[in-house]
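Next come two complexes built around chain A: one with chain B, the other with chain C.
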Partner chain A sequence: MLNWSPLGKLFFVLVLLIIGLLCDSIVVPLITFTIGLALMAYSTNFRVPLILALAIAEAIVIMVLGSGMISIMGDPNVPALFEGKFLWITIHMTDASFQKAWVIFFRAIAGVTLMLSFATSTPIPHLAHALRSIKCPVEICELIVLIYRYSFLLLERFLVMIDAAQCRLGYNGTVNAIRTYGGAMAGTFIFSMELAEKSEASLACRNYQGYFPIFHTPSPFSWKWLAAGLGLCIVLYLINIYTMGWIDMVSVFAPLLGW
Partner chain B sequence: MSRIFEMRDVTFAHHGGPVKVMDNFSIAVEEGSRTAILGANGAGKTTMFYTLTGVYRPQEGEVLFRGEPIEYTKEGLTKVRSEVAVVLQNPDEQMFCSLVEEDVAFGPLNLGVDRDEVEQRVDKALRDVRMSDFKKRPLQQLSGGQRKRVAIAGALAVHPEVMIMDEPTAGLDPQASMEVIELAEKLHLQGITVLISTHDVDLAYGWADAVNVLRKGKMVFSGTSEEFYSDAENVHLCGLLSPATFNMNREVSDINGISPSPYPRNVSSFLAKFGGGQKAGRVFCVSCNEGDIGDRYEQAVREAGEDAKIGIYGTDTRYALTGKRVDYYFDGIDSCFSEAVLGRDSILFYDSVYEPLLKEQADTLKGFGSDVGREVIQ
Partner chain C sequence: MEGYLDPLWCVVWFIVMAPFFIFGVIKLRQILRDHPDQKMMVALSGAFIFLISSLKLPSVTGSCSHPTGTGVAVVFYGVGVCAVLSTIVLIFQALLIAHGGFTTLGANCVSMGIIGPLVGLVFWKFLRKLNAGAFISMFVAAFFADLITYVVTALQMALNVMTSVNADFMAAFSNFFSVYAVTQIPLAVVEGLIFAMFAQYLVTARPDMFEIADRNSINPFARSE
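Coming up: the complex of A and B.
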């Protein structure tokens, strides 16, 4: 997947995201979610890194909260599946709001997996190369590459500072801990300026000519990507029409929740 | 030898400020030489390297490359930098790509080298620094020593005529440091001019043909190591210490009531000078081309005897002898010749590129009165 066309991948992912948003059947976001998951697994050789798994888990928690909020804010004129009051919040969960919350949840999850599959399979220089090919200003492309590269170095530096502060009892007490984090952030910022100056000199030493060359050029965007994206778009739209109302989440959860 | 670099009365201050980082500074570097730049922290070593490569433009004076003043135009600077590669002290500062192979290819691609050629250069450079297995790895997954090697590979891939290494052994463990020095020696033997800045006086003493010493942005000494270290006050003012071998020679010569000259620069020379004059042993030399040893290990052990100590010089050979009995994994030339000076036979396995070093060492020892015999195992 690394050598696939970055623009093609981006187009494909965006098409899936948009069609997922346009369709009301829950089956479509479920399919796009499955495609995203499969692509992500493929792009990471079926070994999803822990940090990615944690990011996905965090996203799921946030989306569960968000969808939960949507599900409890149903139309007050419609009979409720569940209602009550929690603190100052009036809970009124309806058939429609519950179903809508699930659709939004799957759309969001699909979005995360699709974008992650793109991110894990597209090195930043490839993205910059793709952006250059669609006439994005070269300064912006180069800045993207530099920021990406230096964000790792600065993060590493920040972590070293955090560990060093721990050795010097920097976390004794809440105020002290806040001060330590603040100091580490300020230190990282100051270091970033020093690093920028040094990198200018070292780029010159390595004959930097104003753009980052790519060693293995990825495939260009072709009509196959266009056909695949549009074809899938049509198929998903048809699925949307024929599967409308197939899965009723209220019926699925009714035995469990006693509705 | 002709001068490859020359700086004449150079004065440089960052952003034209009042603090002169280089003050009326002059230096000449001979082509094909091994030059060490010594100086305390803040002496101006790194600034000097940046000025040599045209990164910094001096306010006064001129910088010459191959006898011609550097032109501070894109073409002029590209011309200089296509022949001069720099390895910075902190490898992170000079790595700009995500993967090892991409970073090594960065320099040659910037020079517009053909992609097939770049591919070959990347493979060779990574092989030279023993990082071929890490070709596809992201840079952030590498250790400090591995990053240093990748930085060196990036410089080698440019195919430079001059290699500048700023504190190449800083932050490296002793074995990695020795590998860097072996690599510097290899480059020198391939005709490349090598400049190394360092605080490690012992390393510089054993390696360099010439030393240039900086202090507060001024060149305070240029010449042989012995001349410099004989001036104890100057050494102290420059924030340096004398090398251990130099000090031992001075003291032992004093005890024996003899002149400190000639100066031994390594252990075998030291032993030859003070060892007692017994009949020298033999060094069984096994040259390995790209680590190809075949059955010569067993042959060498048979000929030299089971008791003979075994030394290695060169990364390819070291790799090829993994799992075999070895006594001196690093600096095998000095160790094996030391054995010979003490009258014992030894076996030396080395990368074929280092052949001239053996002759050089044997000649040096002859100058100290020890005629070490070399037996070549074919």
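Coming up: the complex of A and C.
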């Protein structure tokens, strides 16, 4: 997937995300989730890095909690499946809010797999190169690459300073901990600024013109991507119309929850 | 997260974001043209926002709490540039750490990159006019930039559930905001303190940077400083 057109992949992902939003059938996000998972598996050979897996797991926890929150905020004028009060939160779960929460949950999961399939197959310089080709301001393209590079620079410096502070018992007490973090952040920022100035000089020595060259240029955007994206969009919309109401999550959970 | 907003709200928040983003790009080009030496500083401010805002905590609202890190960028470069940097950072977050999304980019940028920082900048300017030190000014600016971000996020979520499941707006807003508040108020205080310490160190090490900060305009659409 690395050599596929970055703009094509981006277009494809965006089309699937948008069509997922426009459809109310749960079947559509399930299909987009399957496509995203398949693409992610293809681009990583199913060797998802542990840190990425943890990020996905954390995102899923947030989605579960968020969908749960939406499910309990139903229309107050409609009879509730379940109502009550938990601490200060008023719970009014209706048929529509419960179904909507599930649709949102599946959309979110599908979104994560689609976006990660793009991310795992597209280096940031490829993305910047693709954006330049569609006349995105050069300053923005340059900043995208620089921010990405400097994030690692900052993170590395920050972790070194945090470790150094740990060795000096810098986290002994809340005030000390906050002071240490403040110092580490300022130190990281200032040190990285000096390093960035040096790196700017070194880039200038290599004739840097605000653009990082790519030696294996990925394919450009072609009509095939446009056709694939729009074709899939139409198919998914038809599936949405045909499968509307096929999966009713209230009926699925009714025996379990006694509704 | 991706998929949380209805298409209507995705479009509305993108429309709200667009003028700030466009003027931000114009301002950014102007800064980089007039002061090419500032390029690294702008990029580092963006990387700083990325680093700080990636420290997320789940919050029971379909979203998550995290420090925003926009206080420094808005104080140094104004709201427009902060909106551009936040947009880039939010795209990275969506792609690299499954946090946020493309369809929710407009809403996230309005809360984290525009309104929160704008309020922070107003407080910064006000306190600097009263001759308050960098420590106090930065504490208040970062605290409000962070807190208002979540007030706006709660508002966005409440508007969304109001139109999608006919929820009562006030009840939804109070539910969302009160749940955010549990994690976000302490986070905002800690972020304020850390950025205040940060400002204090910068005053000693790089006082020239605050000259740039004090020349900034609150108006995000101002063409020249």
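Basically, the second predicted complex is superposed on the first by the 257 of 259 C-alpha atoms of A that agree within 3 Å, B and C clash if a C-alpha of one lies under 4 Å from a C-alpha of the other, contacts with A are read in each partner's own complex, and residues count from 1 in each chain.
Rule of thumb we're sticking to: a residue touches a chain if its C-beta (ideal position, glycine included) is under 8 Å from a C-beta of that chain, and two chains touch if they have at least 3 such contacts.
In this text the structure is predicted, and so the values were computed from the model without any measurement.
Using the contact criterion defined above for the overlaid structures, shared-chain residue A:Ala53 touches neither chain B nor chain C, since it reaches no partner.
By the touch criterion defined above, A:Ile241 lies against neither chain B nor chain C after alignment on the C-alpha atoms of chain A. Once the two complexes are laid over each other on the shared chain, residue contacts for A:Pro125 go to chain B alone; chain C is not touched.
Of the two partners, chain B and chain C, it is C that touches more residues of chain A. When the two complexes are overlaid on their common chain A, residue A:Leu257 makes contact with neither chain B nor chain C. When both complexes are overlaid on chain A, the residue A:Leu153 reaches chain B and chain C alike.
Touch criterion met: A:Arg206 reaches chain B, while chain C stays clear of it. Touch criterion met: A:Gly111 reaches chain C, while chain B stays clear of it.
Across the two superposed structures, the residue set of chain A contacted by chain B and also by chain C is 146, 149, 153, 199.
Within the complex formed with chain A, the residues of chain B that make contact are 50, 53-56, 74, 77-78, 81-82, 85-86, 88, 90, 92-99, 101-102, 105-107, 109-111, 118, 122, 140, 154, 158. On the side of chain A, the complex with chain B involves touching residues 123-125, 145-146, 149, 152-153, 156, 195, 198-199, 201-209, 212-216.
For chain A in complex with chain C, the residues that touch the partner chain are 13-14, 17-18, 20-22, 29, 55-56, 58-59, 61-63, 65-70, 73-78, 88-90, 94, 96-97, 100, 104, 106-108, 110-112, 115-116, 118-119, 137, 139-140, 142-144, 146-151, 153-155, 158, 178-179, 181-183, 185-187, 189-190, 192-193, 196-197, 199-200.
Those residues of chain C that touch chain A in the shared complex are 1-7, 10, 25, 28-29, 32, 39-44, 46-48, 50-51, 56, 58-64, 84-85, 88-89, 91-92, 94-99, 101-103, 161, 164-168, 171-172, 174-176, 178-179, 190, 193-198, 200-202, 205-206.
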